[in-house]
Structures are given as C-alpha cells and as structure tokens.
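Below: a set of structures, written as structure tokens.
Presented sequentially are two complexes of chain A, the first with chain B as partner and the second with chain C.
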Partner chain A sequence: MQAQEPLTILIAEDSAADRLLLSTIVRRQGHQVLTAANGAEAVDLFRRQQPSLVLMDAMMPVMDGFEAARQIKLLAGETLVPIIFLTSLTESEALVRCLEAGGDDFLAKPYNQVILAAKIKAMDRLRRLQATVLQQRDLIARHHDYLLNEQRVAKAVFDKVAHSGCLNAPNIRYLQSPYALFNGDLLLAAYTPAGDMHVLLGDFTGHGLPAAVGAMPLAEVFYGMTAKGYGLAETLREMNAKLKRILPVDMFCCATMLCLSFQRRSVEVWNGGMPDGYLHRMATGKRVPLPSGHLPLGILSAEAFDDHTDVHPMASGDRIFLLSDGVIDTSDANEQLFGVERLQQVFAANREADRLFEDIEQALRDFGGEARDDVSMVEVSLLEYAAAQTPAPVYSDSGQSSPLDWSVSFEFRGSTLKRFNPLPYLLQLLLEVHGLRAQSGALYSVLAELYSNALEHGVLGLDSSLKRDAAGFALYYQQRNDRLEALQDGFVRVHLQVRPRGEGGCLLIRVEDSGKGFDVAKVMARPLEGLRLSGRGVGLVRQLGHNACWMDEGRSACVEFFWGIEA
Partner chain B sequence: MSVVTEVSPDGQKLTIAIKGRFDFGRHQEFRESYEKLNAKPESIVVDLKEATYLDSSALGMLLLLRDHAGGDESHIRVVNSSSDVKKILAISNFDKLFDIS
Partner chain C sequence: MTDPHVDRDILDTLREVMEDGYRELLETFLADSESRLHELQDSTSAKALSDVAHSFKGSASNMGAIRLAALCQDLESNAKEKSPEALAQLVADIHSEFADVRPVYENEKHPAHTH
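Presenting the complex of A and B:
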C-alpha cells in the first residue's frame, strides 16, 4: 500500500475524552491534528490554519456541527475540504441532515480505527482529484486566454497587412466574416503605377493560424510587385514560387487574381482552384463565369506553373463578383450544400445590384445553413477612367543624388520578349529622377502603351481592329498568346534620354520595333475622344505625353515628358 | 475504419479506400496507410467510392501521398469519385496531377 502523505486534520468534538481518543488515533496514523471544542472554534481554526480534512461532531454547544460545516464549506470555496461527521445518530433523517449541511461522509461512534483510516484515505483521494481538476481547469482557461490574445494580436497585424492596399477604393465592395483570415481567406487590392487595379481573393488550405501564416508572404509579393508595375503573370509566378518554397506539401492557396484596367476597359483574370467568379455585364444583365483553369498556388514547381490569363472587355459600370467556397459549401442540417445552383437563383432574383451581398446572406440564412466563419465576397466595378484615382507614391530619399544628364538604350529580343517584362525595371530607373516622380502614373501608362504596341502590333503583327467586339477581344488575346509562344526573332528597342532644362529637365522616350509599321497619317487623323475598344493606345500617349510622334512608317514612336518648367 | 488499405498479393499495387467524409479527421489514418508499408508499391489507387465529401485538407493529403510516391514521377489513380467529389477535384484542376476517373 502506498504511504499516505500526512494531512492536517481538524477534529471538532465537545467531549474532551472523545477528542483525546480521536486525536491519538489520527496522530498515530501519521497526520497532524488540530482540535476544537465546538463549531465556532472549529470555524475559527479552519480560517486560520486551513486544514485539509475535518472530523466534525454533529451535536456541540455554541455552534453545532451542521452550521460549522456550512460555514467551513463556504470558506473553502472551490477547494474540496472533506468533512466527515462523527455521530451516534442513527435515524436516517439525521444522517441526511449531515450530508445536506455539506458533510461528505459520516462515521458512527464508537470509532473503528480501520474504518476511520480507510475513510480518511478515500476522502483524501477525492480531495486530490478535485484539486487536480481545478488546476487543469485553470491551466486550460489560462491557455485559452493566451490563445485568444495571440489570435487577437495576430489578427490586428494580419488586418494591417491585408488592408494596407486600396480595399476602401470607391469601386470595391467586400464582405468578410471577422475571422475569415483565420480560416485561410485573404483579400488584397492595390493600384499599379499605371492606375490599373490588382485584386486577389485567396483561400489557404486548413484552418486557424496555420492557414493564416501563408497570407504574409503572399501579401508581401502582391503589394511589392504590383507597386513596381509587374503584371499578373510575373506576380503570380513569384507568388507560386514563394509559396511552393515555404509551405509544407499539403498546404496551398486557391486564388483568383484580377487586373482591372480602367483605361483599356478590360479585366485580366487568373483563377486557380477558386469557385467560379462572375463578370456581370450591366447592359445585358448577363453574368459571364470566370472559372478555375489552374492548379492552386504553391503546388507546381516554378517550371511547371501556368501563368496563362484570360482577358475580357468591360463596359463602364460592369461588375466582377468573386466569392470563397465558404458561401457555396455552407451546409444545412442534413449536410446538403448550398451549391452553385442556389447561388445562381439568388443572381436571377436579385433586383438591386447593390444589394447582392445582402441577398446572398439572406439566402444562406433561409437555407438554414450553419454560419461559417470563412465567407468572403468581393465586388469590383469598372469606373470611368478619370474617376479612378491613383494616390501618388511616397518616397523617403532626399533627392540630392537625382541623375539629370544621361541616356540609355535597350534591345529586347525574341526569347526575352516571350516572358520578360522590362517595364518595372525601366520605371524604377526613371523614378531615380525626382522630377518625374509626380507623373509616375502617366509615365508608366505611356511606357506600357508604347511597349505593348511595339510588341503586339509591331513584333507580333496583331491587328488591333480585332478588339472591336467581345468575341474579337478574346480572339486577339488568343492570337497574342499563340504568336508569343512561337516567337523566334524580332526586337523592341527602348531609348531613354534625360537632359537638364532650365530649373527642371526633359525626358525623351523612343520605342522602336521590328514589325511592319502602320499608316501613321490614318491613325493620327482619328479623333482623340470616342475611340472604342481598339486603338485607344495612340490617343492615350498623345494625351499623357508631349510632342508624341511616329516615324519610320510607325515603327518608331517618340514622346517627351517635362518637369520643373512649363512645357 | 474509414480508411481501408489493401496491397495486392505481389505487393505492387496499393489501394486506399476512403469511407464517409474525407477531411482533416482522416489525416492520421490516411498517412499511416502508405507510410507503414515496407516496400514502395508500383502503383497507387485511391478509391473514393464510399467517400461522401472532400475538403481542401483532403486535397492536401492527396498532395502528401503524391509527394511520398515520388512527386512528378508518381502515378496515382483516383477512382470512383462521385459527381460532387469530381466537381471539387475539377475546380482545383487536380486532374493535372492525378489520373481521375
């Protein structure tokens, strides 16, 4: 038998003889003894010495055992201090009173030493059990508080990361359940230097913190590359490579990424593993699905990753709606899923486009689904070009080292043109010139326009008049992909020349290509305003830059930018 | 048992059958089903005939299995998927990594 740890035992007994007898027995069993001659003394001793167990006579003067038991139990609180009543009472009613007053057991007089020892031992077991339960409960409560606090802090940090972009732009509406991020949902939006808008809705595998950790590196790449002017393909490739490198094999991120161009009135889409998004054409009321065509991010190696995107024309006011699987995978009591069909019924019944989210939420409630904490919806609409505002970037350097007299030429050839996007690099270079920073948006737009004209119409020989209608638009981008894939030779040359001029300076951009050129006079004769899906590029360059002109039968384009003086 | 493993008599073919919900709750059993084998089987079949549901952590588990079986060199067939399960596999384009029927 295991040796029992000595306890401090309080004996409350009014008969001095009985008290002495009991004390002797208990002491001999190895315990420390405190004695009281009545209930009041017992309560007082308990308060001062906190014994672990009490042997309590029922009938005592001043305060009887029942009242003393009640008071001691009250003082002990959650801690179990077993009270064994010592009683010569035999009527069941009296025994019941002992238990009702808080007694845990009773012992009949005269005392049997063996039974007393066994009862003390049994009560001690209970006491320890209770102590362990309380200790574990407190431990769990502390851990829980700790976890909640960690989650709260992490959420505050993640919210800052996820919301440092332009989610508050006037053309974005979104709805996310408060802890959606901790279920792996991520929503990011930011402007490119040209004033286009990149939007990403992602959904990491798993739940809780593990699902949220991938959000940090993904957001970093998204904001960093978008701000530098990289396109969807490069940004997606980088995000995929980064996630593949850092995430465990069974973690990945389903994502839909958009590039919304107010200037070209188009949207470029890449969907890897997310539910269908929808392009809602306001003129016809039609919803064009934007289905998943790729594996999610973080699964394929950099070489195998497919960055192919789809481009759709948009009209002013058209909307794009994206959602996470939390919406369509909401299940009712019978594990029936809400599903895409019910979602489309909501679309069909929707009368006010601005109330779509509310309609969907109502439908989810009517469906009786269990509320999920990973419901994300976002709607982005195409505004008129002028209405889209790009905030000016903030720079932290002093401007003392601004280079003001230099020129540089690049020639990008066949295999480079296939994949490499030189624009972010060129823009970075030009923004070393402080005077140009205020017009970085216009600068990037013009560079992007001249470069894509040289590549698409020049090197690849694509016909911009194809883009007159939606079907031609799709065909145009199909041909662009095919011809780029097959490209062997050809070149695009970019010459940049920066010269000081008075208090400010002047930048000359010349872009040449190896293509067939075009009828400059005919294109220049078109009015600047009122151009539809095609040919907007030339007008844009003329509006944003100075002295734009085309030479060498359209194979060479020149445009100037001035700063610091009136041009 | 909601994950039932069967190895062909010659040890060349491993069949893993999932019953009921294929989600994070099956993680341990699913991993054990192929990690406990002494010899690497030539081919692996995941039978989803009795799987009622599949979530993204199940997709993660399939990726783990694929990685274990040699990544791009592996050949894993996912058979008997219900139309709902097929839809989930299709959205994620897992047919590019697995032979799904």
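Presenting the complex of A and C:
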C-alpha cells in the first residue's frame, strides 16, 4: 500500500471521551484533526476550513449528525467529501437515515483503529476518483466548447465562401441540411463570364472540420476559375490536383459538376463518384441518367485524371436533378437501404415537378428511415437565354496603368488546340483595359463564340446543323472529341487591337481559322433573333458586338467593341 | 480471568493508543460519565432517557465498560416500553454499575500500574 497523504479530517462527536479517543487515533495516523461537539459547530468548521473527510456522530445536541451531514453535502457541491457516521445504532431504520442524509460509510463503537484507518483510506480513494472525474469532465466540457466555437467560426467563414456564388438564382432549387458542411456535402454555383452557369455538388469522405478544410480550396478554385472563364475540364483538373496535393490518402471528394449553357441550350456534365443525376426532359417526361464515369476528385494524379465530359442538349424548362448519397443510403429499421429503385418510383409518382423535393422527403419519412442530416438535393432548370448579365467583377487597381494603344496576335496550332483553352488568358488580358470591364460578359461571350466556331466548324469541320436534334447533338460531340484527338494540323489565329478613340477607345477582335469557311451570305440572311442550337453563333456575335463581319469565305470574323469616358 | 464489568484488553489497547493522553482520556471519561448520570437523573421523558443512554453506551463501550454499556443499551432500546418503576430501577442499576467500575479507571491513572 502506498503511503497516504495527510488529510484534514473533521470529527463531530458530542461525547468528550470519544472525541478525545478518536482524534488521538486519527492524528496518530498522520492526519490533521478538527473537532466539533455538535452538528452546528461541525457545519461552521466545515465552511471555514473545508476538511476532506468527516467523521460524524449521529446523535448530538443542538444539531444532530443527519442535518449536519445534509448541510455539509450541500456546501461541498460536486466535490465528494466522504462522511463516515460514528454510531452504535443497530436498527436498520437509523442506518438508512444516515445514508439518506448523505453518509458514505459507518464506523461502529467501540472504535477499532485498524478498521478506521482502512475506511479513511478507502474513502480517500473514492474522493480522489471523484475529483479526477470532475476534472476530466470539466476538461472535456472545455474542449467541447472550444470545438463547437471553432466549428461556428469555420461555418461562418465557409458560408461566406460558399454563398458568394449564385445559389439564389431563379433557376436553382436546393435542399441542404444547415450543417451540411460538417457532414461533408458541398453545393456551389456561379456564372461564367459568358453567362453560363457552373454548378457543383460534392460529397467529401469524412466529416466535420477535415471535410470543411478540404471544401475551402475546392470552393476557391471553383469560383476563381469559373469567374475567369475556364471551362469544366480545366477547373476539374485544378480541383483534382489541389485536393490530391492537400488531402490525406483516405480522403477525397465525390462530385458532379455541370456547365449549363443557356445560350447553347446544353449541359456539360462530369460525374466522379456521385449517385446518378437526372436530366428531366419536360417534353417527353423522360429522365436521362447522368451516371458517374470517373473516380472522385483528389484520388488520381494530374496525369491520370480524366476530364472528359458529356454534353446533352436541353430545352427551355428541362431540369437537372442531383442528389447526395444521403438520399439513397437512408436505411430503415431493418438496415434496408432506400435505394435507387425507390427513388425512381418517387420520380414516376411525382405529379408536380415543383414538388419533387417534398415528394422525396415524404418517401424517405414513409420508408421509416432514420432522418439523416446529410441529404442534399439540387435542381437546376434551363431558362430562356438573356444576354450575359453577370455582375462585373470588382477590381482593386486604380486604372492609371490601363494600356490603351496596343495590338497582339496569337496563332494556336494543332497540338495546342487539343488541350489548351486560351479564352481565360485572352479575357484577362483584355480586362486590363478598364473601359472594357463593364462589358466583360459580352466580350467573353463573343470571344468564346468566335473561338469555338473557328475550332469546331473551321479547324475540325463539324457540321453545326447536326445539333438540330438530340441524337445529332450526341453525334456532334462524339465527332468533336474524335476529330480533336486526331488533329495534326490547322490553326486558330486571334488578333486583338486596342486603340484610343476620343475620350474612350475601341477594341477590334479578328479570329481566323484554317477551315473551309462557310456561305456567309446565307447565314447572314437568317433573322437576328433566331438564337438556335446551330447557326454558328453569328446572331449572338452581331447582337453583342459592333460591326460584326465575316470575310475570306467565313474563315475570318471581325467584331468591334467601343467604350466612352470612364466613370 | 475475565472481568464481566471491564474489558481489560480494551484498556490495554487504549493505553497503547493514547500513550501520554491516556490519563486525560480516563479523566475525561469519568467527568463525562458523571454528567451523563446527572442527565439520566434529570430526564423526564422516555425519549430523553433513550438519547442520553445512547451516548453513554457509546463512550462506555469505547472505554471497555461492557456491563455499563449493556445496561445503557437496555435503557436506550426499551425506554418506551418499561414502566416508570422499571426505568427507575434501570437508572439506579446504571448508577451502581458506574460506582463499581469507577475505581478501576481511577486506578488506571497511575502510570506505574501494570497488569
């Protein structure tokens, strides 16, 4: 047995001889002794000196031991101050009273010093155990508060990042647990400079702060690259590389990313590890599944990453529905999963398209699944195209260094055309000219249109009339991929010329390609408002830019942008 | 030879435990007992008698006065049931038992005394 630390022990006993005997025994065992001749004295001494243990006679004048024990336990609060009743009480009723008053043990008269020493030791162990438990409880509580506070801060920071996008756009409906961030679900949406919309629904492995930490750079890349005009492929590559670099090996992010083009009436989809999404065609009522064709983000090296996307035509009013695995993995009391079939039954039974979320939630409740807080659903519909109306980005420079008299020419050749997307770079260059910033959306739309015309119809020789129906649409993108893969020669040239003009300036864009050209007169004869799937975007370019014209049998396109005095 | 009044083994233990305080303990016990006897004499209710007897029993047992403790135990347990005459008799018995053992404790005060 290890040596016991000396304790301060209060002895409350009205019989002077017993008090003297007991205090002598206890003192000789190495403890400090306080003595009281009745209950009131005992309570008073306890209050002033806080002894660690009390030896208490039951029957005492002024205040008996039962009442004194109650008051001392009250004063001690959560701290365990063991009370050993000194008693020759033999009736069980009296012993019960001792316990009810808070007594922890008994010591019978006549006193036996060996038993007394053993009891003091046992009670001291109990007392220390309680103190340790309290200390650890307080420690845990402090850690818990600390953690909650960190999560609150992380959530506040993250909400700022996640909601800087356009989740509140009229064509987006979503349902997410308010603490979705901490179960790893992530939903982002933002406009591209051309007015297309990028949407990402992600699901991190892991929960809590680690998931939130991974979500931050993902969101930054999403917003940053979308705003600069990068497409899905480049943005996904960057996200994958970044997550691969920063996440531990057992952590990754399943994600579906969409590029919804209102102008082209199409959606481009990349799904890595998420449950099937669905493209709901309103005209036929059919739901086209958008299955996962890739590994999640953050697993593959940059070299092995596959950024191949699928493109589907969409009609005005068509909807895309994405969901997290929280929906289909909801389980009932027998651990049965809700599953894809039940989800499709909900689809089939759904009468009002606008009530799909509610129908799914109701089905999950009816299924008897335990409510999960990681159910995320989003529905994005295709609106009628209205020329790029995205808010102009905020810039931090003064405008003093704005370059106003320059020109530059690029020639992008075969192997570059396969992979490189020069549009973000060109746009960034042009936005150094302050006067152009107010029309960055239109500028980007026109550049993107001219470049993709030059590449797809010019260099690759694709027939735009293919895109008139859904089957042709798929064929078009199949051919685009095949021809791009096989591309050896050919070029797209981009000439940019900026000149001062009065108080403002003028930008001339000329895009040439190595293709066969087209019948300019025939295309120009079409009515302007006919913004259709095909037609080489001529209408769009003419609407958004000035003096648009095509030369060299359609192989060279020119358009101008003007700006006046800066505000 | 066992003494039916005082447990000599308890006295030996007490002497050992108390060392220099043994004499004080004896004096305290004797003085305490005197006042308990007065209290018994003055008590009018069965409850008061029982309470005093309880305390007296405790110290008597601690001091090895085994017959005194047993008489006090009888009084403590049966004060309510006994007739006034029987109670008076029991109190008188306690008085005389104390008178009998008192010299033993007085005698113990002398340091040279051994058994």
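In this text, the second predicted complex is superposed on the first by the 557 of 567 C-alpha atoms of A that agree within 3 Å, B and C clash if a C-alpha of one lies under 4 Å from a C-alpha of the other, contacts with A are read in each partner's own complex, and residues count from 1 in each chain.
We take it that a contact is a pair of C-beta atoms (placed from the backbone, for glycine too) under 8 Å apart; a residue touches a chain by one contact, two chains touch by 3 or more.
Remember, predicted model here, so these are calculated numbers, not experimental data.
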item: Joint occupancy of chain A by chain B and chain C, clash or fit; value: fit
item: Partner chain in contact with A:Ser88 - chain B first, chain C second, else both or neither; value: second
item: Inter-centroid angle chain B-chain A-chain C after superposition on A [Cα, multiple of 10°]; value: 80
item: Partner with the higher number of touched chain A residues, chain C or chain B; value: B
item: Touched partner set for A:Thr205, first chain B, second chain C, both or neither; value: first
item: First, second, both or neither for A:Asp307, with chain B first and chain C second; value: neither
item: First, second, both or neither for A:Glu361, with chain B first and chain C second; value: neither
item: First, second, both or neither for A:Arg28, with chain B first and chain C second; value: second
item: Touched partner set for A:Met59, first chain B, second chain C, both or neither; value: second
item: Partner chain in contact with A:Ala16 - chain B first, chain C second, else both or neither; value: second
item: Which of chain B and chain C A:Pro110 touches, first, second, both or neither; value: second
item: Closest approach of chain C to chain B (Cα atoms, Å); value: 60
item: Touching residues (chain side chain A, partner chain B) in the complex; value: 203, 205-206, 249-252, 254, 272-275, 292-296, 299, 301, 304, 325, 335, 337
item: Of all residues in chain C, those that touch chain A in their complex; value: 10, 14, 17-18, 21, 24-25, 28-29, 31-32, 51, 54-55, 57-59, 61-64
item: Parts of chain B lying in touch with chain A, wherever the complex brings them together; value: 24, 52-53, 56-57, 59-61, 63-64, 67, 72, 84, 91-94, 96-97
item: Touching residues on chain A, where the partner in the complex is chain C; value: 14-18, 20-21, 24-25, 28, 57, 59, 86, 88, 109-111, 113
